[in-house]
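In what follows, a structure is listed as structure tokens, so that the remarks can point back to it.
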Amino acid sequence: MPLRGVLPILPTPFTDDGAVDEGSLRRIVDFELEVGVQGVSILGFMGEAHRLSNTERKQVVATVVDQAGGALPTWVGVLAFGAAGAIEQAREAQDLGAAGVFVAPLAVQNDQVIFDYYAAVADALEIPVAIHDFPESFRTLLSAELIARMADGIDGVRYIKLEDPPVLAKLSRIQALAPDSIGIFGGLGGVYFLEELQRGSRGIMTGFAWPEVLVAVYDAFRAGDSTRAAEIFDHYVPLIRYEFQPKIGLAYRKFVYHRRGIIESTFIRPPGLQLDDYTRSELTAIIERVGFDLDARGVQRV
Amino acid sequence: MPLRGVLPILPTPFTDDGAVDEGSLRRIVDFELEVGVQGVSILGFMGEAHRLSNTERKQVVATVVDQAGGALPTWVGVLAFGAAGAIEQAREAQDLGAAGVFVAPLAVQNDQVIFDYYAAVADALEIPVAIHDFPESFRTLLSAELIARMADGIDGVRYIKLEDPPVLAKLSRIQALAPDSIGIFGGLGGVYFLEELQRGSRGIMTGFAWPEVLVAVYDAFRAGDSTRAAEIFDHYVPLIRYEFQPKIGLAYRKFVYHRRGIIESTFIRPPGLQLDDYTRSELTAIIERVGFDLDARGVQRV
Amino acid sequence: MPLRGVLPILPTPFTDDGAVDEGSLRRIVDFELEVGVQGVSILGFMGEAHRLSNTERKQVVATVVDQAGGALPTWVGVLAFGAAGAIEQAREAQDLGAAGVFVAPLAVQNDQVIFDYYAAVADALEIPVAIHDFPESFRTLLSAELIARMADGIDGVRYIKLEDPPVLAKLSRIQALAPDSIGIFGGLGGVYFLEELQRGSRGIMTGFAWPEVLVAVYDAFRAGDSTRAAEIFDHYVPLIRYEFQPKIGLAYRKFVYHRRGIIESTFIRPPGLQLDDYTRSELTAIIERVGFDLDARGVQRV
Amino acid sequence: MPLRGVLPILPTPFTDDGAVDEGSLRRIVDFELEVGVQGVSILGFMGEAHRLSNTERKQVVATVVDQAGGALPTWVGVLAFGAAGAIEQAREAQDLGAAGVFVAPLAVQNDQVIFDYYAAVADALEIPVAIHDFPESFRTLLSAELIARMADGIDGVRYIKLEDPPVLAKLSRIQALAPDSIGIFGGLGGVYFLEELQRGSRGIMTGFAWPEVLVAVYDAFRAGDSTRAAEIFDHYVPLIRYEFQPKIGLAYRKFVYHRRGIIESTFIRPPGLQLDDYTRSELTAIIERVGFDLDARGVQRV
């Protein structure tokens, strides 16, 4: 059954001294189950995967898969310097129970190299691969033509997490080129989530710390109520656009998850940016303006 | 008197066959006067300055200054490969009546080189210089420390157009380092305009095609009514965040200015992206959701 | 008649206070005539074109064309942010008597945009265009396929100055793809000049300050004496590889031209690197090891 | 005892079907012992470390350390996306018997982040750290000031493998800033090896496939015979500069090691470039011109 829906990117919680905090990680999974998402995505940039050791990455995958207990598919990020390392990571994830992997391209501006890389990784796996198209972080431009060629030509490549602004025209172009062979998921903090759905995306993989909003927009849209979907989206856009700031976004989200009682610590591994007092109150004010309560527990009404 | 307020970045209008359209340019100036902005900014990226010849750039400056007739200060963008070219451009603007220039850095990651570049340009002018800090386009990272050092050490460097996300922490850091020597203006389509004002920005230079909104937010904030400023901002954020998409933003804005009866043609010089029919209707729907009327003439009520 | 041979890239000489020094520029042209080169190339990076004003660029073109007096074709570098600026520069050069222009690509990683850019420039000219393929400076990767497509599809695009390492395989690939439609010239300081000739290049455009060597290698090779060409090349390679260091190369060359009595001053516009005493003696020692005399006047025997 | 001398960068040999070839790797170590180098460097770019899995990297380190049998210090490259991964790799190398690690910077243009990264890695180790300063591959510019600050401020940071052209002025500047706290090794294929020694480098870590030459230059120089060192260097520079071409260099070297009977296969993992027939004969001709014999076994006379 093809993947659809909201698959939040989870942060990797740490204890105050910087160790992976399994208890908090399990609580995030429980929270997402309560929210009613369709899956979870771990070990992306937001998950600080690049700041974990190999040992820790395996620990995070095992913990999330175990806590999800089959109730939520777990997608796992793969970032490597070459195919051998990527295959090693992806197979470890597969062996631990991942439902799929979203794979960053090599930092090489050469279409054939990129094609061969995804082919090598996908062919080594039994679980599906999503292309992670995020040039701001990975520095590699993937044309819509290349993406379509990979979707059509590589069996295991079935999805794309599309984060190459301006995303909307690219989304439509990929769909026009490969209408039946690739499922498109949005990202970019949800800033264009409404328009992505309207243009045919399957859902979203992003780290916005109020997944209730994403689920509500998605559900309204899937139920055919575009007007309601837009209303919800527009209401929360002031918060969505604020949270989606490069580099600092993770700190916003750990702050929110912490205040909501889900994770113990807001610790971020260096060189991740931290929040100062002013910024905490700035964020808090916006959260209050859209009507959320940072001190309440559990899923909030949208 | 120090500069403050809303100084919209104007597009450069062309005729359908690609020539600079002076009549439309004059109408944009008239429209901005009617809106009540504090100045205008021309020949930025949004003004397609990099796609104009030297002759055309001078034509645009002369036309805008003439049409503004002293009622609005005109700020002019400068983008060059070296100091001699930048000084030539800036002096031409000064001679034509520009109130100031906003100057892109050299594409060189070396603080001393950048400092010397701004010093050379500023020292050659009688009008003030704004640093244009926009790494996405110029590829040069300017640290807050370097910016403060330039503000303190170079007489003519008096402002910054700050577009290096995440901008908010950087804005506060620049102010802490050089509290009295630099006036900070936002950009980035206005996406963080409210928070920038709250943190002490002087105003904004951006291309959002509904400057009425920026003026309303600015006026409410300056009048001390933060709540009203936030209300206006939040209401229009769905449109602000949509318009602010890289590469395609100019096409949105020319479409809006055209539909509002201000410019004749939506022509954009290659390789600028164009709008397709779907995107036009997508944008139109958002404009209607926030309550604007694309077919009305003149300034609209916010 | 198609272009062939050695077309040295000339530095732009300045007086000690930084003004363009026409007298020295004329002496360089005279020197190149004496050396017996097939043409001269001006306003490349080595010519500090990016550090000149528009006025100065025109002055340099006019001076060189005048001094060459029809005896040497003058190729002129074009570097711009967009097509309108490039066409303006190229037409100015054409009007002043340039034989051709070598044109940097836009800093945009998009094949169609690059194609359209070269087509726009070439179509606006009566003189031929050389693609300047130098990613280290221009940051744009041009595939062999794109280059061949431009050579075949754009009338005026007839040559390439190829400086994208590793150049040799690319040179052969371009020739295989477009055997009759593009003449390839080497660059990169002459470091691979011998192998380029062996693979079919037409000649070289580079700034090596001992053009006698390039002419001697070229003449021996064209006369069918490959062994002699290699002997000459190998003998001078210690100097060729030393001179070809990024950023500092221009300073080496101005030092040499100055010591050889050709230019008055070694002035380089900021932020160009300068030589310290140690480096001057280091360079001098290598020049002496290969048997040249820095203090002699006129062309030296190779 | 501080490190000095020639520490060749070893390629990682594969079998024809792409598996790590331990036998060939042991033969390379034996060859280097016979040449008389002062150490070996593995798992750099030339060692295709980025194309190995974690398991394979450990296999390579263990094999080389075992074969060297204490006769040669083994330096190991570390390339990671963050400190935790780098520390994990470096400790694995240390536990397997590495003498030191040469560590690539993070791809982040922020001096404090880079400092903290090297401090975190060095503090986690008992063996010394060399900074690998190679912006062409790692995309991070390290100023001489930052390097000196790290050398002075981080106990374990003791060496630098300097490959940021133009290297010579930077080498002298680092020495002037941190005369007693950092040992500088050259790289860049040996193209500037003579001048580096003259300016005070401790030796070289590079992949030139005729380490006999590097040892001969080094020995002559250390023996005080600068003239002889220059003679040797100049004689082999035609080959040194040819081998040192980006991307294709590894293929040249595997070809040479294979023809010299040291490694079984010239296999390179994708997307590494391969040699075609023409290029093999081009390289062979240059090797013959400098007087080497590709078909002879053992160390050759320089």
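For reference, chains read A, B, C and D in written order, and residue numbers begin at 1 within each chain.
One rule holds for everything that comes next: contacts are C-beta pairs under 8 Å (C-beta built on N, C-alpha and C of every residue); 3 or more make two chains touch, one makes a residue touch a chain.
Because the structure is a prediction, the values reported are computed rather than measured.
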item: Common touching chains of chain C and chain B; value: A, D
item: Identity of the chain that, by mean CA position, is farthest from chain D; value: B
item: CA centroid of chain A to CA centroid of chain C, Å; value: 49
item: Centre distance in Å when chain A and chain D are each reduced to the mean of their C-alpha atoms; value: 39
item: Where chain C and chain D are represented by their mean Cα positions, the distance between them in whole Å; value: 33
item: Overlap residues in chain C, where contacts from two or more other chains coincide; value: none
item: Sites on chain D touched by chain C in the complex; value: 165-169, 172, 191-192, 195, 198-199, 230, 233-234, 237-238, 240-242, 245-248, 273, 276, 278-279, 282, 289
item: Residues on chain C engaged by chain A in the complex (per definition of touch); value: 109, 141
item: Complex interface listing, chain D residues touching chain A; value: 48-56, 79, 81-85, 87-88, 106, 108, 110, 112-113, 116-117, 120, 139, 269-271
